[in-house]
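What follows is a short report on a single structure.
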C-alpha cells in the first residue's frame, strides 16, 4: 500500500487538531494509503522534538524549510499563522510536494491566485482545511439538497459568529493586524461560511453587498497591557449575496458575538422544505418537508446515524455523538485517499482563492457602499 | 369612569383577534376607561349583524361610513384590507375620531404621510397594530436592553418569515397584487420586524441595502384555477441596515419560507451579552451575559413570569404560557388607557409612516442595487 | 338559545382564570348556549361587588350559600380552596345545580365518592377543572394515539413539577396543611398528571408503587415569620403505575422542583413511535414515528395549527401561540355546550374520584412500602 | 516512562471504540505512562491479524488465553460478549494482569462478587467501562453538585433508553437470551444509569421498587427468520430508588423506546437548583440556580469549554463539540495514568458488582412486587 508521508508545520491550536486526527484516522477509516506521521516543524528544535514525541511524529525540525525540502515527505500540512501560508506553500510546491493548508489560504486574493497557479503548474494536489463541511451533518444537508428533498433552493442564510474577542480587555494579537491576518472576522470565520455556501447551495457567490465594523477600536498591547494599540480589521461583517444561480443569500460573521461559542450555522430554504443547522449541536440537523401530511408538518431533528455519510466509521449506533476532531479526521481521510488514489481533492486551493475573492468583494463593497461582482476582484 | 366606545371595521382574520381581545381586556386589566364594544361594520348588514352578535358588539352596520360618522364612537378600529386603510382612517379623522389601524398603515409612504398629517391636524390619537412588540417577552427584551444588561447594542438580526404562500397551488389573492397590498412579504411581514427593530434597538433605521425576489411568478386565479395570474410583488426580501446610532442590522422576510409558521425572531448582540427570541416560542426569551462566571456562561431560557411586564395580569404563576390574542389584549389596554388618560400611544401613525419609509427604501435599494438613505423616501 | 347562567365562587388565582375564560369563550367559540355571567361570591360583600364589576358578572354576594340557592343560576363554579369543595358542591347539588369544580375534587377519596353519589342521584352534570387536558396540543397527542400513529402504547412517563414552594423562606399556607389541602404535591399537581394519564393512555391506573417525602419540614408562620410551623404533607412524590391494560407507567410530582415553572410533561412510548410534550412549550408537540425512512427518522416539532383540535377557533394561522387562559376557555366551551346540549361532560366527578383513588393509593403505598391496587381505596 | 502494554480481546462494536481511543489518547493527553497497543485477540487468527493491522496493534492471536498469559501484557481489556467477561477476567487476574472490562461486569451479582474477590486477592487494578460518566459534561454535573451549586440533592431521575430492538422484525441475538446476556435492557443500558446515579448523587442505591416487561415476546431466529424464538429477558424496566442518603430516585430503561437513539439522561433536583442533561446533546449541560435574580431565573445551556474537566485536552475553544469515542479516550487516560502512577481506578470491579446488585434487586423487586434492600442481593 502506498505511503502518504506527512510533514506538519505548526502545532498550535489547529495543528494539535490535525495531530489528533492523524492519530485517529487510520483506525477509524480503511484508508487507501498508509498514513505516516513523518516529520514535524516548530519554531525551535526543542519545541519541535517535544511535540513530535507527544503527537506521534517520527522526526522533528526547528526549520520548516528543512521539512518542505525533505525527500521523505509527500504532503506538507501548513498550520502556521495566516501570513506564512503563502511562503510555505510556494516552497513546498517548489519541492513537488502536495500541500494541505489551513484557511484562509492567504492574506489576499492576489496571493491566493499565485498559489493556485503554482500548484497547477507543478501538478501537485492541494487541500484547504475547511473542516466544518466535512462534518457528516453538513454532508447530510448537502445530500438532502442534492436529492431535491427540499425542492429548489431559494434562500441561504449562514453565520459564523464567535465571541473569542468580545472582551475589550483581551489583548491585541495577530488576528487583529492587517499584516499578519489580512481581514478580521471575515477572514478567520467568514471564510468557512462562504465555503459552506458554495458547498451547500451548489452554486458560487456572484455578487455581494457588504458592511462591516470594528467595534473595539483599541486593545491592550500584550507586552504592555496598560498601552492600547489600534485594532486594524473588522470585528463584525455581514453581507447580502447573489449566487450565480440567482439564489439570494445572506451571511453574518463576528468575533465579538457574545454567547456564540461555535456559532457556525445555516438555514437553507427550498421550494418544498427547509434545513436548519448549528455547529454547537454538530451531530444533529433539522429538516422540514412541506409535503408532509397536513397537521403533521414540522421540523424534524435528525441525529447522525449509520445511514448518514461518514458517521458509521466512528460509531454504528445512531445518535452517539460526533466531535470537533472527528470532522478533521474525515478531512484527513479525504487527503490520504485523494493522494493515494490520485483522485481530486476538494476544497482545493482554487476554492480557497474563490472564497478569498468573495471576502475581498465584501470588504470592498462595505467601503464603496455598493454591490460588487466577485469577478471584479483579482 | 370615561367610556371608550369602539367601532370595529372588518371581522376577518385580524378583526376576530381584535374582538377576542376586546372581550378579554376588561377582565384581564384594570383599564383606565370603560371599554364599550359599540358598533361593528362588515360588507353586508347581515354579516355585520351576525358578527356583532357573536363578537359581543352592541350595534352593526353594512356601511363603514356610517360607523365612522356615528357620534357614539370614540375610536375607529380598522381591520379592513390594506388598500382601504387610508380612506377609512381619513374619514374617521374627519369626524374627529381616534384611529386604531392594522398594519401596514398604507400602500405607500406618501399615503402614510397624508394620514399622519391629517391626524396631527385633527389632534386625534392614533395606534398601529404592531402587536408583536406588545408581547411581554419582547417588552422584557426591551427592558433588558434599556437597562444595559447586554451592554451597548452592536448588531440586530431580525426575521419575519412565514410559509403561507409556499405552495405554488395556493391561489392568487389580494396580498399578491400591487393595487391592493402594495409590497408583498415586506409589507405584510417585514413591517413588523422594522417596527421591532426600532423598538428594541432604540434607534431608527437610517439607511438600507436591500434585495428581493418573486419566486412563484404565477398563481391560479381563485375564480378559474386553471388560469394563471401574475404575482405582482415580492415573495422574499432581505436587507442590511444601518441605524441612526450607527448600529449594523440585517433583516429577512418571506411568505414562502417553508416550515416557518410564525417565524418572527431576533438576535440582538450587545457588547456584554445577547438576546435571542422566536415568536414560535412566544413565552420565552433567551439571554446570555458575558459577565457570568467563567465555566458558567450560557444562554438562559427565561420563561415569562410575574416579574415581567404585563404577564402577571394574565397569570401570576411563571411559565404558564401566553397566547396570540393575549398580546393584542395588551395592545388594547394601551389603546383604552391612552385615550382615557390622554397619554400618548405608540406605535402611532408616525411610526407606521417611518416603517413604511424603511420598507420603500428597501424596495428602491433592491431596484437600484445601492444603499438608500431612508430620508430620501417621501 | 338556552341560557347557561354561571355562579362563580372564589376569584383568587384560578377564579380569575375562569373569569377571563368566561369573557373570552363566547367570542372565540360558537357556543351552543348563551353564557351568562350571573353571579359571583367572595368572602365579603365588598370584595364580591368589586370583583363582579371587574370580572363582568351581573350580581355579587358575600355568602356563597346565597349563590348556590339562587334560582337564576344553572351551574355553580367552585374556585374556593380545596377543603370547601365538598360542602359547596353538595349544597349546589341539593339545589339541583350543575357543578363545575376545580381540582382536586375533595380532600379524600371518601368525600369524592359522596359527591359523585350526590350528583348521580340528583341527575346534575359535573365537570372537574383538569384544564391541561383541554389544551389542543394534548388533544392532538390523544388523537395521534387513538389513531394508532405511534402503535400500541407501551410506556407512560408523566410529570407535574413546579417550584412554587422551593424556597424554605416561603411561609406555610393552606397547601401545606392536611386539614385544608389533604395531600401536598400529589393533590395539587399530581392530580393533573393522573387525569392526563387516564386521558392519553386510554386506560385507568390499576395499581401503584409510590414514594414521597417532605423536604422542607418547617416553614415560617405567615402571621409570625420568626416562628416555624410543621409542614404536614409531601413536597415531592413519585410512583410506578400499572394501567388496567397492563401498560407500565411512571409519574413524578413536586412543588419544590427548582426551575420547573410549569413542569407538566409526558413522554408516551408506543410500539411504533413516541410523543413528547412539556407544558412550558404548550403550543408544540414532539412526534417520532419509527416507520419514517431510514436516515430521516427523528422527533418532529408540531406547532399547533388549524388542523388540530380547537386551535383554529383562536387563530387560523399555524404556530401563532396558545395561552394559559385559552385552555380554560376550551373547558368552558365544553361546560356550556354540554349543559345546553345535554351531552356528557368529562372529566366529571367520577373521574375526579378515580384520580383521588389513585393519589390515595400512592400515599398508602408509600407508607406500606408495597404495591397497592387502586380498587382497595374506598 | 513506564510502559502500559494493552491486550485487547474483542473488536466488535465497543472494541473498535476502544481501539480508536487507544490511538487518540497519547496525542490528546500527556499520559503518565507509555501506552503500547501490544496484542489483540479475536475469534480466529486471521481476523485477529487483520484487525491488529487496521487498529494499530503490534501482535495478534486467535486465542484469548494466549493473550491473558502473555508476559508482555500489563492490562487485559475485555470487549467480548457479556457471558465471557467472568472467565476472561479471572484468567487475566490469575496471570497477575490488571483488568479493564466492559459493562456489565458479569451475568450475575454472584459472578461479579467472585471477580471482585479475585482481583482484591491478586492486588491487580480493575476498571469497568462505564464511559458515559467520563464525558466532561457529566463530570461538570458532578462538580456542580459537589460544590453545592444546586444545594442538597433531593431527587434523581435517570434514563437510559434506546430503540435498537424496537422493530419486532429485528432477529433475536445474544442480548435477548439469559445465558448469554443475563438481564435485558437493565443489564445492557440500566447498568450505565445506576453507575451514573452513584457518581452524581454521591451516595449508593440502598433499596428499590422495580417493574419490568418483555413487550416483544418472540423474535425471528437469525438463522431461520420464518421461525420465532422466545425473548428471555426484559425489553423495558423502571424503578423507584432510595439512596443511602435518603434521597429519592427514579430510573427508566428500555431497548424499544422508539426515537431515543442515545437516550441516556438525567434531571437532578437540589434544594437550590437543578441540572438536566441528555447524552444526545453530549456537549451541553443545562443548569438552573434558584438564587438567580427574580425575573432572570431560567435554565442556562452550558456548552463544554476549556474551564470544564477534560474538555480542553481535545480543543481549547468552547462549544466546539465532543464525540462518542472522546469519552472513551478520557477513560483510557484514567486507565493508563492509574496503572502508571499506581493510583486508584474508578469505577472498579467493586462498583461493577454494586451496580449488578442494584440491577438484580430491581429484577427481584419486579417479581416479588415489593421493595428490595440492595444488601439482600448476594
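For clarity, chains are labelled A, B, C and D in written order, and residue numbers in each chain start from 1.
Just so it is clear, contacts are C-beta pairs under 8 Å (C-beta built on N, C-alpha and C of every residue); 3 or more make two chains touch, one makes a residue touch a chain.
This one's a predicted model, so the numbers in the text were calculated from it and none came from an experiment.
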item: Remotest chain, chain A as reference, centres from CA atoms; value: C
item: Chain pair showing more contacts of the two, A-C and B-C; value: B-C
item: Gap in Å, rounded to a whole number, between the CA centres of chain D and chain C; value: 41
item: Centre distance in Å when chain B and chain C are each reduced to the mean of their C-alpha atoms; value: 35
item: Separation of mean Cα positions, chain C and chain A [Å, integer]; value: 54
item: Sequence positions of chain C contacting 2 or more other chains; value: 297-299, 303, 305
item: In the complex, chain B residues that touch chain C; value: 13, 17, 19-20, 22-24, 26-28, 30, 54-56, 162, 164, 261-262, 279-284, 303, 305, 314-326
item: Interfacial residue positions of chain B with respect to chain A in the complex; value: 150-151, 154-155, 157, 163, 166-168, 209-211, 213, 215, 236, 238-240, 242, 248, 250, 252, 254, 256-260, 269-274, 288-290, 297-299, 369-371
item: Chain D residues within the chain B interface of the complex; value: 140, 287, 292, 294-303, 305, 307-308
